[in-house]
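For reference, the structure discussed in these notes is given below.
We call the chains A, B and C, going by the order they appear; numbering starts again at 1 in every chain.
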């Protein structure tokens, strides 16, 4: 289950890990909807929480963290594998961020009546969504591999530096313009079964993330090998 | 003493090797004429030796200093490429003066004037470059490359756009510089001009040097062209 | 004129000088940066493309928003700060795109990269040139905005200039780098704003909030917090982008 380079033959079989991840997520969502008690005040809509929270955690800390670290390491080591890792983390991360940005407002609107509330984590996700989109657009506009990797790594590193500034700006903004704190998912007073569902859900989304990363990374490796074979003649 | 030295110099773009393990040396006073078809990697080689590209493998040294190196490694190099590298809105004098200042030439303005005079274009010193003809712009480009008295000259099709008088002036200037101890690498499609100035001749093909010999061995231009055609179509 | 041999003083010494004997002393970081900045400013003053475009966008936006605004619903003093700095950002972007375009046309960039100057000096020179452009546009736009929206000028104009300087440095630090990165790519006109705008958010937020407090006559320490954020942003991103430029320029 390691992310090493594959042989040059194209993968025809569906990746087992990805399949497992998909089933796991399906299972977790099923448990969340039918086998977890309904929350008292928020009702059925609260169940979005089981999708929103794991996605947010994975998008911000794991995907973006991977992107930032592999960008920094690439600038130091110039290993193409790090660039492929950054590329994969950016794309898969963008997907997870999109899930966060869709589920957040839906949850907010159905439960509290407001689409958007400049919540710290949601706002940061929004900014990173734009930054990662920009990074992918930049990558798409550069043909030459080493230039693309260099530029992408620079942008990734700068994005990591930007994060604390966004945080502080939102924090200062909120203390001066108090908003209802609606999306507060980390309430420690979650009853047992809900906590269990959350943890299961988290594990499922993480499994899916790893599966998606594996497939995406493998695609990147095969694509590069194919281009190498073409370029050699 | 070798002023220009390439050792197993390689530059890849993605997985395509534009320059593939090239070894060459050019000593002071030598002029290497480099011929080759389009896409052979001649421009890439020049850019590597000018410190504009970082080698994928191997090393390029100019005046004993490895390139790209720090700022001082590039001090001895003068580059003429396909584009003029000029600012159209500035005058000829301002362009050359700017180059002189960037290289730390003392009395940059008078050095710039002298360089323009050398290329017989001193009377257009105060004309904006965009108002000059292509041939005149080429002369300004050459003046810009020479103003800091480079010991190494990398020339990519420097005769492009020049009329007979201009070509003649340039050829004489280059000969003077070689006589004064500079090392020249001249990439050109003009066989006659190239052979006239060369002390050594090379042919580049698909990233490698296919031929490298003293000028004497190359013979007359027509004979050389025949051999060249054989080499590149092999 | 025929090609006579040189009769005047030789530009190249007749015997090969050693490295120590050579008269050339390449310019320092500061001199090199200033040479490049000065050259950019001269070129811009002669062509005026970026300056006029940015100025036109800025002034037109100020006027257009005046027509889009209902003074009975929103007081000028509530509208103007945000407006001022949003316009500043977009007119700045317009100017930034041009900066590296100057070098692209005839590959003058190669001459800069081939010169014996540190790569960071190129970044610094370009950034200073861009800052001059941005500040020049603000020099006209800020008074224009104050006039159009009937705001009190005297008390705020100097502090606003200070905010403009801090915000300008932040804008230019990031914008110069991204300008260099996008100028050689496809769809560069669109890519520069897409990349840069998320990075400009802390700058615009801090500048607008500080301006709002300033105009509202609030106590100074409320403004100071935002200014400190701006200053921290400036320092960190100038250093980070200067370093990043050496990576970007290193082909």
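By definition in this document, a residue touches a chain if its C-beta (ideal position, glycine included) is under 8 Å from a C-beta of that chain, and two chains touch if they have at least 3 such contacts.
Remember, it's a predicted structure, so these values are computed and weren't measured experimentally.
Q: Any chance you could check whether A-B or A-C wins on number of contacting C-beta pairs?
A: So, comparing the two chain pairs, more contacts are at A-C.
Q: Central chain, going by Cα centroids?
A: Answer by centroid distance: C.
Q: Let me spell it out: compute each chain's centre from its C-alpha atoms, then which one is farthest from chain A's centre?
A: B
Q: From the mean C-alpha coordinate of chain B to that of chain C, what's the distance rounded to whole Å?
A: Averaging C-alpha atoms per chain gives centres 35 Å apart.
Q: With chain centres defined as C-alpha means, what is the inter-centre distance between chain A and chain B in Å?
A: Centres of chain A and chain B (C-alpha means) sit 51 Å apart.
Q: Using mean CA coordinates as chain centres, what's the chain A-chain C distance in Å?
A: Result: the chain centres lie 34 Å from each other.
Q: Name the residues of chain C that each touch 2 or more other chains.
A: 250-251
Q: Please output the residue numbers of chain A that touch at least 2 other chains, ranges allowed.
A: Counting only residues that touch two or more other chains, chain A contributes none.
Q: How about chain A: which of its residues touch chain B in the complex?
A: The contact residues of chain A facing chain B are 144-146, 227-228, 230-232.
Q: Note which residues of chain C are touching chain A in the complex, please.
A: Touching chain A from chain C are residues 174, 177, 181-182, 185-188, 191, 194-195, 197-199, 201-202, 205-206, 209, 225-226, 229, 232-233, 236-237, 240-241, 244, 247-248, 250-251.
Q: Which positions of chain B touch chain A when the two form their complex?
A: 13-16
Q: Mind pulling up the chain A residues that touch chain C in the complex?
A: So the residues of chain A touching chain C come out as 75, 127, 130-131, 133-134, 137-138, 141-142, 147, 150-151, 153-155, 157-158, 161-162, 165-166, 168-169, 172-173, 176.
Q: Can you check the complex and tell me which residues of chain B touch chain C?
A: Residues in contact with chain C: 28, 47, 50-54, 63, 68, 70-75, 77, 79, 81-90, 94, 98-99, 101-106, 111, 114-115, 117-118, 120, 144, 146-149, 151, 165, 168-169, 171-173, 176-177, 180-182.
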